[in-house]
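You will see subunit A twice below: alongside subunit B first, and alongside subunit C after that.
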Partner chain A sequence: MTSRNISPGLWFILPTMLLLATLIIYPMLSTVELSLTDSSGAFAGMRNFNVAISAPSTRLILFNTAYYVIGSVVFQLLLGILAGILLNQQFAGRSVVRSLMLIPWVVPGIVAAMTWAWMFHTDYGIINYMLMQLGIISEPVGWLTDPDTVMPALIAVNAWKMFPFVAVMVLAGLQSVPDELYEAVRVDGASFWHEIWHIMLPQLQPVLVSVTLLLTIWALDGITIIYSITGGGPANRSMIFPIQIYVQAFEYFEFNRAAAMAVLYFLFIAVIIVLYMRMFAAQDKD
Partner chain B sequence: MQDRRRTLVISLPVALLVLVAVFPFLWMAVSAFKPLAQLYTIPPRWLPDPPTLVNFKTVLFESNIPRYFVNSLIISIGSTSLALIFAIFAAYGFARFDFRGRSAALAFVLIGQLLPTATVIVPLYIVLNYLGLINTYLGLILVYLILTLPLSVWMLTGYFRGIPKELEDAAIIDGASHLGVLFRISLPLVSPGIIAVALYSFVATWNEFVFALSFATEKEMKTLPIGLAEFSTEFDTDWGAVMAASFVMTLPIALIFLVMQRMFVSGLMSGATKG
Partner chain C sequence: MAQVELNKVVKKYGAYEALHEVDMRVENGEFVVLVGPSGCGKSTLLRMIAGLEAISSGAISIGGRVVNDIRPKERDIAMVFQSYALYPHMTVRKNMSFALKLASVPQPEIDAAVERAASILGLGELLDRRPKQLSGGQRQRVAMGRAIVRNPQVFLFDEPLSNLDAKLRVQMRAEIRELHQRLGATTVYVTHDQIEAMTMADKIVVMRQGYIEQIGHPLELYDRPANLFVAGFIGSPAMNFIEGETSAASPQSFVAKDGTSITLPAGSAALDGRRVILAIRPEDLAVVGDGTPDAFAGKVVGVETTGPESVILLETCGTRVSLVLRERASLGVGQTVLLRADPAKLHFFESDDHGRRIIM
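Moving on to the complex of A and B:
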């Protein structure tokens, strides 16, 4: 800067930054304060954290959260990459298929949750019916009530909901791959799999890394689907960390304990956000 | 020849992909038009015979869904407009000026966009409660700025950057002020961007679940997503009504999508969605 005057740009962004600070920074500082005090406002040291961490359900909830996040991200990536590569090929009706593929992402999360809950219905659900017709299962499965199937079922819903996002990003990434790269290996008679493995995936790598980080943050944020379908049940088998924060705060009114959990949750997410922003900054420079 | 064979090889996975993507949506629509007896049958009926509007009648005349629909509309439009007003200035500032702290401020906006809602619900509840804004439209409109404002600033900054700077420079030389340039030259040029951002914010707030669940607990103030979830937590779930309500909730979004598919996809790619 040549002068010491305040840039007009600052005046333009000031109202928004003040508003965001009030809506985000203040609550976050307040969360930290709450986490360190008791319900009367007296300093409580690490007591809330200790109680939150040593609760008997904590291990299960952490396991569920990891299970849900990893399962969701893996299947979102797999499905999304497959769909993206497929939609990058030439075939009749491609643009219609591209639009139809976006439906899961366009449908509101709560609607997706309700629809899948109906499809997973033990007695009258279409999924049990189809699987029985195909001979894959011999009797109805209680997908959402059986402790062993509830997580896989919820992961399926989340994978379905978000795979179009991956597909669109992959598609955009593939369209920027120069044709010469394909031509070079086709001259050598390379197979389609060879093209995928040695050209597409390496070219997509930066896109896939940032997509993975985003998907991880969103899966960690995944209250809507789980809370509306199972509420964390049966017997906490689908309870994940962010829902537990909500439950502690608004069902048990343990605000201080919920705040301590929110601090831990934020610290974990902050690591991923920092990684993502670094990727973002690196890509911006190119 | 080669092409025809390729088309054949590709059509099976494409058909499978379309089936996976579309089937749940179709099943919702089909179920919404089925009478009770046809919903609870084994084997299931593929199509309603004959289709009935009885579920829609339940939803529209015997439930709170119409009220929730209006609540959602008021809150979504309120928060979208408010965010837009702030974001136009901020995005213009980010796009056109270079100043100390600019990239830090932009990074903060991005963090705001990525931040999971569960991290801030507890203190927000306390603040809203203190201000008497729990169970008010204003409360949710303000809280939803956490979703809409970062998203609007982020997307609009991109649109403003797309305008050639020369156009503005010419006006500045002619003696126009920064504000004058913004309103007379830049803003009209980014109007397609404004529409896209507005639609995107609308969708984000229309679908929002966690804040609504925490801050709108009275029957009169609940929004559609909560109303929908309530339907199924009751002991005896009326699945026909749930599917009909889902259908009603999806309609505005589907319309926006049909008309503005291009913009929707660009919004999706800017990473602006939150489930």
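Moving on to the complex of A and C:
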């Protein structure tokens, strides 16, 4: 085949394809190669995978990851939907509140994480201070050092950080709902709760499906908050998979084992996303 | 069923007054059409009856109960919206049963009510479809079905036919009218289309700029419009208006701006020597032969044929008038013809801003 016979379309997409190949496909293949070799580059079969899977911490880390992702997404959605619906109502100062709400989302992740770390500090944190002043707790709670509170605290930070994104999407979705629908449902005898349940949420469904997918992906690879606040501690109680991969690779320099974990994690995420897409692609046809 | 009464109803948006002390009464089982150009306040008035707009002052009562501060759902009304406002994610059946479900009506009763409404409107086949799978006319019917199912005291329609094509509109007009005869429900219907108003209403309320211009039976409005606005709004093609003065001499005559003289019927004493506007409907003008008494000349400037009749546009009396012929016109543009106005069908209006009818 001479160059004249090649469809011109291929020439147009070639630069992009080359870029993608360099930046995505090559690193992916290279990671797979790393996961199947040892530190000297010799073929190691499934050994790295076996080590990664049989490590005593793996189950805890998987559990933590699921806990963090599900907890974050649920609270981000709940808070975001609530805020979006409230900010869609008429009240004085609405535009100011709408702008202020965006702050958590706009603040850089590392800044938010460090601020929250101080707020949660056992001895000097404002949260313990306020709770003690109000008489809700009698002695300081080690939010980030107690194994039982560390994950809820981190989920709270992540929910706080991302809920404005959900609220903005919900607000945009609600503004495309025709007013006559609300009026019809009001004439039909609906309360505000009915309006939310029977009009707003069904109308928001396509938005929420996409938003949930994005939030899930972001939570699955969300390193910033946990790594900068607890680094995965105490005793791995807040360790999630992406951080573990990072620690293996760049703190222990176990690149092959980290690569094996990355491949496993990639498959894990791929399965989740495929299931999710299946579920909602099926719903669309309905 | 119930009557609807509006007593000095005012609607203000800030300093702007959209409706000025409107008084109106809809009798039990009556079909009342609110008609007027866009921005006249007719939809606002309807929405106030529905409870979707607050009342600035005055009172609205439904079935003898003042409903000013009562929420829409407690007013026992049903409304059909211009865009139909069907719930997109619900089937036709669910759309129709939704209000009853919210009111905790037992399921067998709901099913029976939906079946009944569906059979009245011929929706039986469509009950399990979603709104987006329906045509415009079918959606319109579902919207009416949703209203019927609730068996409300009052039906409110907000320009329900304006999204349909012309042919379907004529069909749905008849269907709504038929439905009203069948159910006998008190109905308030808003439209900007005077033909819809004329063909459907027991009583028409003509509105302009937040005022009611005239209330009456369709033919009463047609035959005795209260002012120039109503005269020009009701009827198609619109009524002809000719400015001029009346003479006091006998026999009395009307002299148009360009000097054309039209003889007035005996007993027009009220018109003695005044500046007035003479009005005549296009079908009350006739093309006549030479030698006909009281005829005046007009020059043909256009001919529009609809099939059964022709509309002739003419220049005469210093203005443009139209004339309806119940036959195919053989007139050509540029031709001069003789016209005669039926003296019994002349209307006169004051030539001031109000343009009130002069009663003789």
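As a working rule, the second predicted complex is superposed on the first by the 254 of 286 C-alpha atoms of A that agree within 3 Å, B and C clash if a C-alpha of one lies under 4 Å from a C-alpha of the other, contacts with A are read in each partner's own complex, and residues count from 1 in each chain.
By our rule, contacts are C-beta pairs under 8 Å (C-beta built on N, C-alpha and C of every residue); 3 or more make two chains touch, one makes a residue touch a chain.
What you are looking at is a predicted structure, and each value in this text was computed from that prediction instead of being measured.
Of the two partner chains, neither subunit B nor subunit C is touched by A:156.
When both complexes are overlaid on chain A, the residue A:81 reaches neither subunit B nor subunit C. By the touch criterion defined above, A:178 reaches subunit C but does not reach subunit B. Which of subunit B and subunit C touches more residues of subunit A is settled by the count: it is B. Looking at the shared chain after the overlay, A:208 reaches neither subunit B nor subunit C. Looking at the shared chain after the overlay, A:28 reaches subunit B, while subunit C stays out of its contact range. Once the two complexes are overlaid on the shared chain, A:141 sits clear of subunit B and of subunit C alike.
In the superposition on chain A, A:36 contacts neither subunit B nor subunit C. Touched by subunit B in one complex and by subunit C in the other is not one residue of subunit A.
Within the complex, the subunit C residues that touch subunit A are 50-52, 71-73, 77-79, 81-83, 85-89, 98-99, 102-103, 146, 150. Within the complex formed with subunit B, the subunit A residues making contact are 1, 7-13, 15-17, 19-20, 23-24, 26-28, 30-31, 34, 79, 82-83, 86, 89-92, 97, 99-119, 121, 123-124, 126, 129, 160-162, 164-165, 168-169, 172, 214, 217-218, 220-225, 227-228, 231, 241-243, 245-246, 249-250, 255, 258-259, 262, 265-266, 269, 273, 276-277, 280.
Residues 178, 180-181, 183-190, 194, 198-199, 202-203, 205 of subunit A touch subunit C in their complex.
Contact residues of subunit B toward subunit A in the complex are 3, 6-7, 10-11, 13-14, 17-18, 20-22, 24-25, 27-28, 31, 39-44, 86-87, 89-90, 92-94, 96-102, 105, 107-112, 114-127, 142-143, 145-146, 149-150, 153, 178, 206-207, 209-210, 213-214, 224-225, 228-229, 231-233, 239, 242-243, 246, 249-250, 253-254, 257, 261, 264-265, 268-269, 271, 273-275.
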